[in-house]
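Okay, handing you the structure first.
Read from first to last, the chains carry the letters A, B and C; within each, the first residue is number 1.
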Amino acid sequence: MTVTDRERDRDREAAEDALVSVRGLEKYYESNQGLVDRLLGNVRRVKAVDGVSFDIPAGQTMGLVGESGCGKTTLGETLLKLHDATAGEIYYDGRPITDLSDGQFRPMREQMQMIFQDPHSNLDSRMVIGDIITEPMNVLDVGDRADREARAKELLDQVGLDRSYYDRYPHEFSGGQRQRVGIARALSVDPDFVVCDEPVSALDVSVQAQILELLDDLQDEYGLTYLFISHDLSVVRYICDRLAVMYLGKIVEIGESEDVFENPQHPYTRALLSAVPDPDPAVDRDRIFLEGAPPSPENPPEGCRFQTRCPEKIGPVCEEAPPEFYDIEDGHHSACYLHDEAVDESRSEADDE
Amino acid sequence: MGLARYVLRRLLLLVPVVIGATLLIFLMLHLAPGDPARLILGQRRASEETIRNIRQIFHLNEPLWKQYLLWLWDALHGDLGRSFTFRRPVTEMIVERYPITLQLALSGWLISMAVGIPAGIVSAVKQYTKVDYVTTIVALSGVSMPVFWQGIMLILLFSYFLGWFPSSGFAVDGTVFDRLHHLTLPAIALGTSITALTVRLTRSAMLDVLNQDYIRTARSKGVSEREIITGHALQNAFLPILTVLGMQLGLLLAGSVLTETVFGIGGLGRLLIRAVHKFDYPTVQGLTLVIVTVMVFMNLLVDVLYTFINPKIRYD
Amino acid sequence: MAQQTQPVESADTDDESALGGVLSGRHRRILSSLARHRGGLVGAATLVAVVFVAVAAPVIAPYDPLEQFVGPALAGPSTAHLLGTDMYGRDVLSRIVFGARNTLLLALIAVGISSVLGTIIGAAAGFYGGWIDEALMRGMDVVFAFPSLILAIVMMATFGINMYNAAFAVAVVFTPQFARVIRSNALSLREEEFIKAARTSGGTRRYILFKHVIPNGISELIVQTTINLASAILIMSGLNFLGLGIQPPKPSWGYMLANGRSYLLQAPWISTFPGVAIMIVVLAANIFGDGLRDALDPRNTERVR
């Protein structure tokens, strides 16, 4: 069953209720943008994000998982308008923001912030911790000098760092500590929505847990809404309410986190989940191995993007058109022809012959 | 991207550079303080009528953009105007003198290759040994020596004290031996000034190749060191050495100006200096145009040659 | 994704040297690595000495560099005139000492101007990208199409022959080199997360350019400046040699050298010693630049460009 009109209405309502809502978002990159290359038609297009829709209700955490290069970071950065969307619409608190100019969007940056991935590049090594944390307040002109300093020191406390670090340089700190500074910076302007782009993937496992816990605590305290980007499913399960699985610029499965984990529908999701080590050794799962590397987003396969590596590929139908979302259960959708009754019937007929 | 397409792309990329450079050369006359017509006449005194004639001949009554196009059009047809200082057409002087500069630059380049490539190879193969350090220091000293000073020192030693080579001039009409005899000292001076670059690039290119996995594999298989160096490394190191050619061309042309001045050789460089001192604009413009054209197209040639040999970099 | 091994949460925050508050870790590493680079140290020391000579020229020089017949004309080195005298009986050593002053000052002015121009152009091109990048870098390509000395010579014909125009010409010649280095640096910085963080904080392009991009290109800029200083001195001396730079009677190494040619047989010292001076300074700047480059990136020692 595909999306009906009634559901489209419901969809619109959901978009209005959600804090962040994305409809048909596309972000294409072009290489070789020089004049000469344009003349010669040497421009290559990379479809980093290719028609993505989802809602994040206020106060919730939405997980976004996928292999590196699937476009999840680009998606997160496009939400914060670090890139201009090629097509589609982003709503923040019901307000469309896609076409806002930098200047128009600027005041909204107080509400939307980002936590980055690499503790070695997320802080400018030439600035002291205090200047780093107060930077958003300085740029957005929040409070006066004394306020900013007080706020920064308070945040240092909250993220578990000593107030005396205010005047120190980033190189004096460990990866986990730098990540905490990055979190303090994002929170300094008191945002409602935070994009966490693989915030723990560069850290030791022991440190990962501490940072995740911190993010969780801060969410409770400030009522934050997160988009949590990760390639690591075990990390995502811990922190997310909803989960979207992304492959080559498209979302292939989306639903409540527990539903997706307990009842994965898309073959890609199943393959990803099978690779996560289960804490319970008694559970014996068959590991699904995917063949080859993901195809280049410059030249994605026809039809379903996953068909070139899919262990459950049905046949020509997968190569014709990209599958739509099929409802699995309430709020749980998967984009795969396996769920199409018509395809299923024709297949069983073929089997009977 | 195919080779033809790559060459086309490179040619198109050159268009703005060529327009910019020619415009700059054209504007020289108009940026200089004073009436262009009088500037063209140089230090000669002239009647009102002569000035009017000059305006006519050099299209100075036309709007600036039209002057530029006419100047370019004439240049494309080999007409670079007339020097009133030397009382001759500029093209004629250039045609007459360019073989001298060409011979000088070419022999300088050959000397630099003959000395620099073996030195670079030895330096790379014996990395971190005394040979390597000495080569590096000598090369660095070479690049730090002003070419004109080196020329003077060569004259002092080989002409005045030893009397082996002539101290100045260029036997344009002499025998081959005569010409080589005159060319030796200038070519050595000019060659030394760019040898350091050759040594450095050869050394680093060789080191890059010698550290590649396939060379290590060959070594572990017991292929002899001589065979590795001549058989594998040298071939692959050749590519980066080619790139230096483009850089060296500019240095060679600039070096020729100084070398010709030191040795009193009547090439393009000496002509340029004399023209600059006399503010002879048509000559300076014509010479610069020729030099820049040679530079631009030699660089293009090197690039195309490079990609022809190594198709990988077309996709950069 | 490779897991990077991180120190445990308690990093070495106690181990802070006196410099720690002032210099970032990178700077400290560069300094200590430079201190170990023997060549770089010798180069630096020589440069410091030359600058000292240039600054203290009036005190150091035994005679007035312009005064004629302070000794016999064309006299060889002696205790009274350590490096001999020239055709007008002027003291060669004094002229070399004052020549250091003129040559260094002009080369520094030239490199200073080109580093500022090149930094702004390169940073803007790399950071803004798009047509700004295209326009600026094609402009730089135009300048780069001329052999550097020849461009400087030609500019003298346009603007007139004097030492300030010479400095300006040399500045124009070196601007593209700075612009290219800074541009590639800005390009790589554009992807750094702290730049993205500044953007999510609402930082304008100009803010990010001056607050993050340019400060983070400073070390590359310093290396480029040192190496270009060496070339600038060479080109400047070339202009002086050709009579297109510092005008006599003001002493300059290049012109002294040119002038001595007529007396090469009788008085070779007139041409020889200014050349030695040029070579020492240029060599020192080259070695120092090499040392700095090595110190900046230990893996980069073998690469030329």
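Please note the rule applied: a residue touches a chain if its C-beta (ideal position, glycine included) is under 8 Å from a C-beta of that chain, and two chains touch if they have at least 3 such contacts.
Note that the coordinates shown come from a computational prediction; the quantities given were computed from them, not determined experimentally.
When chain pairs are compared by their number of contacting C-beta pairs, B-C comes first. The central chain here, found by comparing per-chain C-alpha centres with the mean of all protein C-alpha atoms, is C. A separation of 55 Å divides the Cα centre of chain A from that of chain B.
Distance between chain centres (mean CA atoms), chain A to chain C: 48 Å. Separating the CA-averaged centres of chain B and chain C is a span of 23 Å. Touching of two or more other chains is recorded for residues 34 of chain A. Within chain B, no positions touching two or more other chains are listed.
Looking at the complex, you find that chain C touches chain B at residues 138-139, 141-142, 145-150, 153-154, 156-161, 230, 234, 237-238, 241-244, 254, 257-258, 260-261, 264-265, 268, 271-272, 274-275, 278-279, 282-283, 286-287, 290, 302-304. Residues of chain B touching chain C in their complex: 16-17, 20-21, 24-25, 28, 31-33, 140-141, 143-146, 148-150, 152-153, 155-156, 160, 200-201, 203-204, 207-208, 249-251, 253-254, 257-258, 261-262, 272-273, 275-277, 279, 281, 284, 288, 291-292, 295-296. Residues 1, 3-13, 16, 20-21, 24-26, 130, 134, 192-194, 196-204, 207, 212, 215-216 of chain C are the ones that touch chain A when the two sit in their complex. By the touch criterion stated above, chain A contacts chain B in their complex at residues 34, 36-37, 39-40, 42. Across the complex, chain A is touched by residues 1, 5, 8-9, 12-13 of chain B.
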